[in-house]
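Each structure below is given as C-alpha cells.
Two complexes, one shared chain (subunit A), two partners (subunit B, subunit C).
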Partner chain A sequence: MTTLKRVPWTLVVFAAALVVPFLGSRFYTFVATDIAILSLFAMSLNLLLGYTGLVSFGHAAYFGIGAYACALLMKSAGAPFLPSLVAGGLMAAAFALVFGFFCVRLTRIYFAMLTLAFAQIVWAICFKWNDVTGGEQGLPNVPYPDIDWMSSLPVLGDFRTGDQFYLVCVLIVALCIAGLRRIIDSPFGRVLTVIRDNAERAQFIGVNVRAHQLAAFVVAGFFAGISGALFGIFNRGVFPDFCYWTKSAEPLIMTILGGMSAFWGPAVGAAAFIVLNQQITSYTEYWPFTMGVVLIILLFVFPGGIAGTLIGAVERLRARPQPDAGSAPDARESDARG
Partner chain B sequence: MLEVEGVRKTFDGFTAVDGVSLSVARGEIAAVIGPNGAGKSTLFNLITGHLSPDAGRVLLKGRDITGAAPHRICLMGMGRSFQRTNIFAKLTVFENVQAAFITHRRHGGNFWSLSSSLYRSETHELLASLGLIDKADAVSGALSHGAQKQVELGIALACDPEILLLDEPTAGMSAAETHETIRLLERIARERGLTLLFTEHDMEVVFSIAQRISVLHQGRMIARGTPTEVQAHAEVRRVYLGERH
Partner chain C sequence: MPEFSFLFGQFIGGLTAAMFLFLIASGLSLIFGVLRVLNFAHGSFYMIGAYLAWQLVRWMQPAAEGFWPAALGAALAIALLGGIVERLLLRHLYAREELYQLLFTYALVLILGDVAKILWGTQQLSVSRPPSLAGSLELLGVTIPYYNLFIMLLCPTIAVGFWYILQRTAVGRIVRAAALDRETLGALGANVGWVYTGMFMVGSFLAGLGGALVTPIKSIVPGMDVEIIVEAFIVVVIGGLGSFWGTFLGALIYGQVLSFGILVFPRFSIFAVSVLMAAILILRPWGLLGRPLK
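Up next, the complex of A and B:
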C-alpha cells in the first residue's frame, strides 16, 4: 500500500494524457476529451459519495448549471473563456449552497431523493425557459475558446483545434483534480471521512456535521460545474438533458464501476464506461441492453470497483510474506481471553 | 462543573427520565447507577445534547447548555464515550485519535494543510498512555472489543475534556480488562484533573472508584450520596441492591 501510494499517480496520468494528441487520431482525442471531462464530473461526485458518505442522485444539476452559465457568458455576452469557466463553477457552487442547505437536513435516501428533486426542477426550468436557456432546443453553437495563440507555439501549432482544446481541458481537469486531492488530504477532508464513518460520533468530537456536509456539497458542485462548462464547449452546445436524472446516474455508475474507495476510481470508471459505450454502440444497435449486461458482469467481477479490486489484489500480494509476523500478537491475545 | 436541574424526557407517553437533578463538582468521580431501563443512557443523551429535554436545565461550568448541539457542548469541554462501542471503524487507531485532535482544535474548516502531519506527537503520546501505541496503524474496526473501547476513550480524551461522561466504560469486558480499564481511568482522571461521570453495571467498579453515586429507578432519582450513604439507603436496598442479593 505504501509503495503504491508513493507513486505520483497524478503526474503519471497527466503525462499519459498529454501523449494522446501525438497519436494523431481525431477519434482518440475525442474520446480522451470525453474521459477527461467526465472523470472530473465523477470525481467531484465521489467527494460526496466515497469521502463524505452522501449519495446524491442529482449531481447533474450542477454539471448543467455550470454548462449553461459558461455557455451563456461566452455565447450571449461574448465573455472570454477562463472567466466564463470559473463563473460556471461558481454559479454551480452557489446553487449547491442553496439546494444543499435543505438537502443536508435530511439523511440517507431522503437526502438522495431531495437532491434528485432539485435536479429535476433545474431540468424543468432549463427545458421551459426559452428566452434564456433556449428551452428544448438548448444553446447550440457555443463558441470555442480563443486558443489561436497556441498555433504560434512550436509543437502545438501543428495540432488541430480539437487537440488544442483537449490540451486545455487536460490542464484544467488536472488542476481541479490536484485541488480535490489537496482538499481530501486536508483536515477538512479528514473530517469528511470521519462523518462518513460515523456521523453520530463525529458530533461528539466537536464536528458540526451539517456544516461540513454542506461545504462538501458546495465543493463538489463547483467541480461539477467546471466539468459541465468544459463539456458544453466540447459538445458545441448545452441542452436540458445535461441536468436530467440519467445524467446524474452516469457519474454514479462510473464511480461504482471504478471504485469509490480509491481516489482515482471514478476516473478509471469514467474511462471504462466511455470506452465501453463507444465500442458497444459501434457494434450493435442494442447498445443499452449490452451495456447493462456488461456493467452487471463487471460489478460482479470487481466488487470494490475496478480500481478498488486491483489495489486490493496488489496489497494482498505484497502483504503475503508478512502476515505471520503481523497478526501473531493479536492471535495470542484472543487465545488468552478465550 | 455540571448541574442538571429537573430534566424530563418523554417518548410517546413513556417518561424515560422524570425530573432528575444531579450535580458534579470539579475533579469529582461520580456514578449514576440503576437497573436496565432506569434511564441512564437517556440521561446521558440529555446532558450531551444528543436529545433535548422536555423540561429542566443543564448547566456546564455555570452556562446553560440545555438543548445545545452536541458539537457545541463538546467544544465547551465535555467528552463522552458510548455504551456500545462507537468509533470510526474504517480508519486506523492513529487516525481515529488524530481526527479528534483536529476537530476539537477547530481545524475542520482548513482546506489546505496536510492533515496527516497534524498533531502527530500529541496523538502518539496519548496512544502510548493508553497502551495502544503498537496498534496505531491497525484498522480500528478489526480490533478486539476491549481495544476498541480504549480507542473510544482515546477519541474522548483527544478532545481535551474537562468533564468526561462514560456510558458503561467496561461493558462487555472480561474481569481482567475491567480491572485494567478502571485503573487506567483513575490514573487519567488524576493526571488531568478530570471530572468523571459514569454509568456502570458492575457494582464492584462503582463502589471502588465513585465518590458520589446517584441511583436512578424507572426514570426517577431515588437516592444521591456517598457510596456508604447509598448502600445504607432503604429504598435503594429494596429496588436495586436487593435484587442482587
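Up next, the complex of A and C:
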C-alpha cells in the first residue's frame, strides 16, 4: 500500500474533476455536481461511522439545516454566496453541538435512535414552520451565486452557468475534503480511531471519549451543512424532505457501497450511487427496489464495499509472490483502516 | 374552555390511534427484546398487511363478512414472510455490527415499498367496515363507531394474552430466557434458532394484523410504511425498548399527546411527539418501564 499511499489522491481526483466541464455535456456536469456535493455529505458521515464508530441515523438533519440556513440567507436576506455557505456550515455545526451533546451520552442503538429523533424534530420544524421555511412547499428558487466574475476569465468565460457553478462546487468540496483528511491524519483523528476500536481502553489511557466524539460530531455536522448548502443551490430549492429520516439512510448506503474502511470509500460510493440511479431510472421507475437488492448483495457478499473489495484484491495480488503470506490478513485490516 | 364532549372526542380519537400503534409497536418491541434487532421493515410489513387485506377482501367480494378472514389471512401471510426473511437472510447478520442489521432492514423497506407499488399501484385504496360492526355508539355526546370500540377492546385483550403467554407458560419462559442470555439457553438444550424465527414471525404477525385492521379506518397509501415506523419507534422508546407494558403505556401517551397536542399547538403536534422521544432518550434511555441494557 505504501506506493499507493504516496499518491496525493486529493489532488488527482481534484484535477480529474476539473476536466468534466470540457466534455461539453450539460448532463455530465449535472451528474458530476451531484456526485461532488453528495461525496462530501457521505464523507462527513464517515468521520463518524468509519473513524469514530458512531452510527448516526440522523445525519440528514445537518444537511438540511445547512441547506435552509444558506438558502434563507441568500434568498430572503440577499446575502452573498460565500458568507451564506459558511453560515450554513456553522449553523449545522451549532445544532450538531447541541444535539451531539446529548447523543454522545448514549451508546450504540440508543445513539442511533436519538440522532433519528433529533432529525425528526428538525424535519417537523421545517415541515410546519410556514413563515420561515415555507413549510411543506419548501423554499423554491434559491438564487445561484453571483459568479459573473468567472465570465471575464479566459477559458472559464465560455462555460455555461451550470459548469461554472460546478467548478465552484468542486473547489469548495476539495477544500473540505482536504480539511477532513487533515483532521483524520491529525493526532485528534488518531484518537478517534482508538475510540472506535476500543472506547473503554481509550478512557483508561486518559482520553475524554465523549468530548472527542462530540467534536467529531460537530465537525461532521459542519461539513454536512456545507454539502447541504451547496445542494440547495444546485437543486434550485430546499425542501423538508432534506431532513426526513429516509434521507439519512442515503449517505449510510453510499458509505457502505463505497466502503467505510477507506478514506475515499464514501466518495466512490456516492459516485456509484448516483451513476446507478441515473442508469436505472432511465429503464424503470423502481429505483428503490434495485437499490434495496444491491444493498442486500453488498451486505452479504461485499461487506467492505467497492473500495474495501478492491483494496483487498490488490493486497492479495501483492501478497502472492511473498512466501510469508500468513500475516497478510492482519496487515490488510490495519492498513485499510488508516 | 372547550366543551367536554369535544375533549372526550379527542380522548377517544387518541385512544383508538394508540391501540393501533400498540399493536404494531408491540411487535417491534418483541423483536427488539429478543433478537436485539431494530427492524425498520416493520412498517413495511404493516403496509403490506394492509394491501393484502384489501386484496383478500376483493377476492371474497360477495361475502359480507369477508373482512375477518381477510385480516387474519393477511396477518398470517406477513408472519410467513417474516419467517422467510429471518431464516434465509437476517440470521446471518446477528454476529455483525448493528449498522449491517439496520441497513439490511432498511433495504427491505426499499424493496417492499416498491413491491407494493408494482402490485397495487399508487392510488389510495380503502376497505369498508365489516357490516357486523357498521353501526355506532353515542357516548357522552361523542359518536364512536362500533369498529373503533372493537379495536379498543381487542388490543388490550391481545396485550393481556401476550403477557400471560410470556409470564405464565413454558414457551414464554424460553422466550424470556432468550432475551436474557442466548448462549446459556442454547446450552440448556433449547433450539434458540427457532425461538428467534418464531419471535420474528410473531412480531411480523402483529405488524400485519395492525395493517389489516387499520384499513376500515385509514386509507391505504404508499408511504404509510415509513410514516408508521417512526411513530412505532417513538412509542417503543417512550415505553422502553423491549418492555411489553412499556409499549402499551408508550402508545397511550403517544396517542394522547398527538390528539391534545393539536389543540395546544395546532401546527407542532408532530414536533411535540419527536421532542418527547428525544427527552425520554436523554433522561431515561431505557424508557419509562424498560430496564437499562448491559
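As a working rule, the second predicted complex is superposed on the first by the 318 of 338 C-alpha atoms of A that agree within 3 Å, B and C clash if a C-alpha of one lies under 4 Å from a C-alpha of the other, contacts with A are read in each partner's own complex, and residues count from 1 in each chain.
Operating definition for what follows: contacts are C-beta pairs under 8 Å (C-beta built on N, C-alpha and C of every residue); 3 or more make two chains touch, one makes a residue touch a chain.
From a predicted model like this one, the values you see are computed outputs, not experimental measurements.
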When subunit B and subunit C are modelled together on subunit A, clash or fit: fit
Subunit B versus subunit C as contact partner of A:Tyr144, first or second or both or neither: neither
Which of subunit B and subunit C A:Ala112 touches, first, second, both or neither: second
First, second, both or neither for A:Phe30, with subunit B first and subunit C second: neither
Partner chain in contact with A:Ile125 - subunit B first, subunit C second, else both or neither: second
Touching partner for A:Arg201 - first (subunit B), second (subunit C), both, neither: first
When both partners are placed on the shared chain, which of subunit B and subunit C touches more of subunit A: C
Subunit B versus subunit C as contact partner of A:Val191, first or second or both or neither: first
First (subunit B), second (subunit C), both or neither touched by A:Pro303: second
For subunit A as apex, the angle formed with subunit B and subunit C - C-alpha centres, to the nearest 10 degrees: 80
Least C-alpha distance (whole Å) that remains between subunit C and subunit B when both complexes are overlaid: 13
Doubly contacted residues of subunit A, that is, touched by subunit B and again by subunit C: none
List of subunit B residues in touch with subunit A within their complex: 48-50, 69-71, 74-75, 79-80, 82, 86-91, 95, 98-100, 102-104, 106-116, 118, 134, 144, 155-156, 158-159, 174
Touching residues (chain side subunit A, partner subunit B) in the complex: 182-183, 185-191, 193-194, 197-198, 200-209, 212, 215, 329-330, 333-334, 337
Residues of subunit A that touch subunit C when the two form their complex: 49, 55, 57, 102, 105-106, 108-110, 112-114, 116-118, 120-121, 124-125, 127-130, 245-246, 249, 252-253, 256, 286, 288-289, 291-293, 295-296, 299-300, 303
Sites on subunit C touched by subunit A in the complex: 36, 38, 89, 92-93, 96-100, 102-104, 106-111, 113-115, 117-118, 226, 230, 233-234, 237, 241, 267-268, 270-271, 274-275, 277-278, 281-282, 285, 293
